[in-house]
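Take a look at the structures below.
Next, two complexes with subunit A in common: one pairs it with subunit B, the other with subunit C.
And now, the complex of A and B:
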């Protein structure tokens, strides 16, 4: 069965290599190779799931040692358990849908084959994280995901914004990854003190079963590993790259920056939850950061005019939810939300792509009235919107209310933040949906519904976004880790009411154009300015980079030029030259002088020897 | 009575004279001769000690030294002849290319 796991992992890589190596010129073939490989992976994942379901989901692992060190073996392998199975299905399933969608969306793009090669590389990297058996492998694929994300964001590299966004995404996530790497090193040495140096997840979880002492170092390790999550899952304060990453093609945003890559951080949290559970301090920090990110991202989404950026901020906000859930003690609730979110957010992004494809603009204020023109997109988008807003009985309702219930029982202040975020979410999504589909048309050229290859994935995703709560997914995940969260009726009813009120409000304001917000515009304009400026986070980073980082770099540069190069490297050479110049006077070439020096030397040494005796 | 010390003093004198010759003479042939004096100074002290200690090793060693000295003279004279052929002088002050 594990052979199937290896195959699932390496099929996309082979597709990438074949495309890059042979079929760059033949665009159709490239696309079919990429889609075929990932679809095969998807089919194999389903087979794997079915077979293992019959066996009651045993945990399987097979590893290859790639670098045997003295005390530590660096391994590469495939780990199949409930968690990775569900993630395999999500990544390959949603991935295949988006791959096929891309065929339609990217038509007539110059870098068509390159695009599919990068997509396949991404799929390979992501699957590598999913099936990873140890921290070492996770870190390698973590970085590979970063690289492929960079390639895909910068797909239209002729555009300065896209190239910059790619760099920003890569560098920002790298900042977090430094912490991640240090955390891994700490963990490896901690495991050595506990008896056996290892980075393997299963071995570590056994080893850390009874961690006598070590609380401080464990907290440090958790927070350092969480740094990686901060970067990859775009949590505050490293969230700034995700909205910019929307410069990439829309299917990329759907796949990478909504459904899979940004979820890698949450997946890692769930994967190594045995570690985080040992440090309540780290968990409360994580929960706090998650809740904070959820709230500020939702507020920033309120004022954005760009359809993809609204969805990007919404992604940030939902990732905040997941991180908060993990921090509150239920990684399975986080995973549950991850899966449902992957469905409806991919759906929303693909719907947005469909709209952009039709209108060639991303500004929602230039759209409007698309409901009749693009019925499939509109209906599926509506499902995605309601799922995200958490309306019964769509998938988002189940997972989000599980998190809210959890927060209600564990940490009341975070619950209020979560509830506020839920209200804001429903409101800004209402603003987006009603402005784009129901308000007065503002476009000039008649839009058309997208081709079948694009609408089919929409319909499939809409089906799962609608019914995701009924497959027993929550129970499936809970049985992996912890017991189910008892439903609290008042919390559920409250959050549902909040969402519905928010949707109603946004309908009144944006679809019917009733100026409810008029009296608030004036007193709240500074707040709106703050939101449009994204809380000045980007400017803050600009200042930090410009003054602090650049000056520090200049200082280092100066140190290297003056002390290292001029002083040490050139200095050594000059000193040697100078000494040689002085010493060569001794070489007179006169035999007598040599003889004299020799005898004088011998005499001196003899005298010295005698005196010392 | 001639004691060990007499031999050693003679040997020391011979060595000093040889060294003085090497340092002060400018003619390569004379320098070679002075080197021979050094050899003999050493040989003398070897023999003196051999007799004093009643051990023949020193005397045997002298034979070796003599052989080496003979070889050295052969090479030294050859060098001197070649030098004279190429430079037409044996004055060591003029033969000073052995430097930087």
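And now, the complex of A and C:
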């Protein structure tokens, strides 16, 4: 069965190599190779799931050693358990849908084959994280998803914004990776102290099963590993790259920057939850950061005019929910929300892509009245919107309420932040939906519904976004590390009411154009300014880069030029030259002078000798 | 077999010397085929070196100056097998890139072939005299190669480079001669000397100052801070193939000779200085990394980058444990190939645009020269330690090795990967991405086998060893294990 796991992992890589090596000039073939390979991976994942379901989901693992050093064994393998199976299905399933969608969306793009090669590379890297058996392998693929994301954000590299956004994404996530790598170094020495140096998840979880002491170092390790999560899952304060990443093609935003890659951080939290559970301090920091990210991202989404950026902030906010859930003690609740979010957020992005494809603008204020023009897009988008807002009985309702109920029982302040975020979420999504689909049309050229290759994935995703709550995912993923979550009617009813009120408000304001917000506009304009400026986080980083980093670099360069080169090197050369110049004076060529110098020298030495005696 | 590595280029140099200079095509062919032959031999030597049996293989020993005990004693161990492969690869690519040289092809080829031969000489010698002889022989052709065929500020650059490296060499020569005298064996033979010093070690104080001479003498060519300043300007002035060989291979002679001489002959003294080397190596990594951030000339950026990466090599070496030293050797290989690729690509652009300044190139070149751009992006990714390229494995090994011994410097070194990413991605963005602000109508992409082969060859090597690092590491490890077996006292035994 594990052979199937290896095949699932390597099919997309083969697709990437074949496209890069042979079919760059044949665009159609490239696209079919990429889509075919990932669809095959998807089919194999389903088979794997079905076969293992019959055996009661055993945990399987196979590894090969790529570097068998005495003090450093680097391994690479495939780990199949409930967690990775679900994630395999999500990545290959949603991935295949988006690959096919891309065929239509990217039509007539100059870098068509390159796009599919990068997309396949991404799928390979992401699957590598999913089936990873150890920290080292996770780190490898962690970096690889970073680079494939860099390539895809910068797909239209001639655009300065896209090139900058790619660079920003790579470097920002790498800031987190530095912490992650240091965490891995700490972990390897900790495991050595505990008896066996290893980075293998299963071995570590056994080794750390009965921890005696080491609290401080464990907290440090958890927080350092969490740095990697901060970068990849775009949590505060490393969230700044994700909105910019929307410069990439929309299917990329859907797959990488909404459904899968950004969820890798949450997946990692779930995968090594045995580690995090050992440090309550780290968990509470994680929960706090998650809740804070959820709230500030939702507020930033309120004022954005760009359809993709609204969705990007929404992704940040939802990732914050997941991280908060993990921090509050339930990795299965986090994973549950990850899966449902993957469905409805991919759906929303693809819907947005369909709209952008029709209108060639991303500004929601230039859209409007699309409900009749693009019925499939509109209906599926509505499902995605309601699922995200957490309306019964769509998938988002179940997973979000699980998190809110958890927060309600464990940490009351975070519950209130979560509930507030839920209200804001419903409101900004209402603003988006009603402005785009129900308000007065503001476009000039008649839009058309997208082709079948694009709407079919929408319908499939809409189906799962609607029904995702009925597969029992929460219990399926439940592990013995997780807190049990008891159903609480008042929490559920309360959050549902909040969402419905928010949707109603946004309907009145944006669909019916009732100026309810008018009286608040003036007193709250500084707040709106702050939100549009994204809390000045980007400006803060710009200052850091431009003044601190650049000045420090300039200082090094100045030191190099003045002290090292001019002072030490050329100084030595000048000293040599000067000494030569002086010494040259002794070479007068006059015999009398030499005779004098000689006798003077003899006299001095003799005197010296006598005196010393 | 391995004597051919030296003899073929030398014989070819002699043949070129006897040819009339008008017959440029034939001269180019001789250079090309001579480097192709040594490339094949180097691959053969690498593949047939048996890591399982370890030790010195392919040994040759012939008397030369009997009265002084100088023998031509050559052989290959696990470490030099890898370095020979590196040099074979880079010199062959360099020979292909040298086609762009149009003036005084005859003289250029002679000097180039002598350079190639002497570096092979260093990597194969097991006799201190020949080791030093070939080392100096490598420095000499560098002077005219940069001074005549170089560009921009070349007289200053070549003078500085030669004086620095010769200065370092003189320091180490004092060390070498003292060792010869101290042993009293009347022999320069490394293996004999090593056995002698293992049986009756020199007193600690003597070892310390001898090790200082060797480490900081060879440290100059390894661009150990603060004796690195010859390096960026030297590469900037040198013609492409010379930059490739210098940054790719010649620079690695520093750490290589530290391992060969300092580590094996004066182990206790080496151990004494290694914490200081570790400290300086971190300065190398961060200081040169930040310097690279504000450079405007492409070759200066890559030049400072190579100074920065040598910091990782020296840090790995300073660990004196198996993981760290093996990682250092692997990085010597990986960085050598990567640096060669970077300089070849920059040279390719410079030959057509006659500028290397980032703002004069104006950006957007990716659209015009996609093949070169893709190769450059891959090179930049390799340099910033991306998985898939062997540089990544090397850096990971160094981090794990150093973490046991120097935790604080390791933290700084890990931070260095971020600095590397910043200046390289900025370079890629400013040169290849964005809109074309300056138009280069004559700029052509690499075409045909002759132009593409060097880039493909170098990058393929990085990828192959990135996916299968053990192909290299098993040889390196055999070499390092041998070192440890000879000097168990100075190596960390516990992980």
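Throughout what follows, the second predicted complex is superposed on the first by the 549 of 613 C-alpha atoms of A that agree within 3 Å, B and C clash if a C-alpha of one lies under 4 Å from a C-alpha of the other, contacts with A are read in each partner's own complex, and residues count from 1 in each chain.
Operating definition for what follows: contacts are C-beta pairs under 8 Å (C-beta built on N, C-alpha and C of every residue); 3 or more make two chains touch, one makes a residue touch a chain.
Note that the structure is a prediction, hence the values are computed from the model and not measured.
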Subunit B versus subunit C as contact partner of A:51, first or second or both or neither: neither
Report for A:365: first if it touches subunit B alone, second if subunit C alone, otherwise both or neither. neither
Considering only the touch criterion stated at the top, classify A:528 as touching first (subunit B), second (subunit C), both, or neither. neither
Tell me the contact category for A:587 with respect to subunit B and subunit C: first, second, both or neither. first
Now for A:605: first (subunit B), second (subunit C), both, or neither, which partner does it touch? neither
Give one of first, second, both or neither to describe whether A:544 is in contact with subunit B, with subunit C, with both, or with none. neither
After lining up the shared chain so the two structures overlap, which partner does A:595 touch, if you call subunit B first and subunit C second: first, second, both or neither? first
Subunit C versus subunit B, contacts on subunit A by residue: C
Would you tell me the residues on subunit A in contact with subunit B in one complex that are also in contact with subunit C in the other? none
Inside the complex, what are the residues of subunit B that reach subunit A? 19, 22-24, 26, 31, 92-93, 95-100
Which residues of subunit A touch subunit C once you look at their complex with the stated criterion? 66-72, 74, 136, 139-141, 143-144, 147, 150, 154, 157-160, 163-164, 166-167, 170-171, 174-175, 178, 181-182, 185, 188-189, 192, 197, 549-550, 552-554, 556-557, 560, 564-565, 568-569
Residues of subunit C defined as touching subunit A within the complex: 160, 226, 229, 287, 290-291, 293-295, 321-323, 326, 364, 366-367, 381, 386-388, 392-393, 396-397, 399-401, 403-404, 410-411, 414-415, 417-418, 421-422, 425-426, 429, 432-436, 468-470, 473, 477, 495
Give the list of subunit A residues in touch with subunit B in this complex. 584, 587-592, 595-596, 599
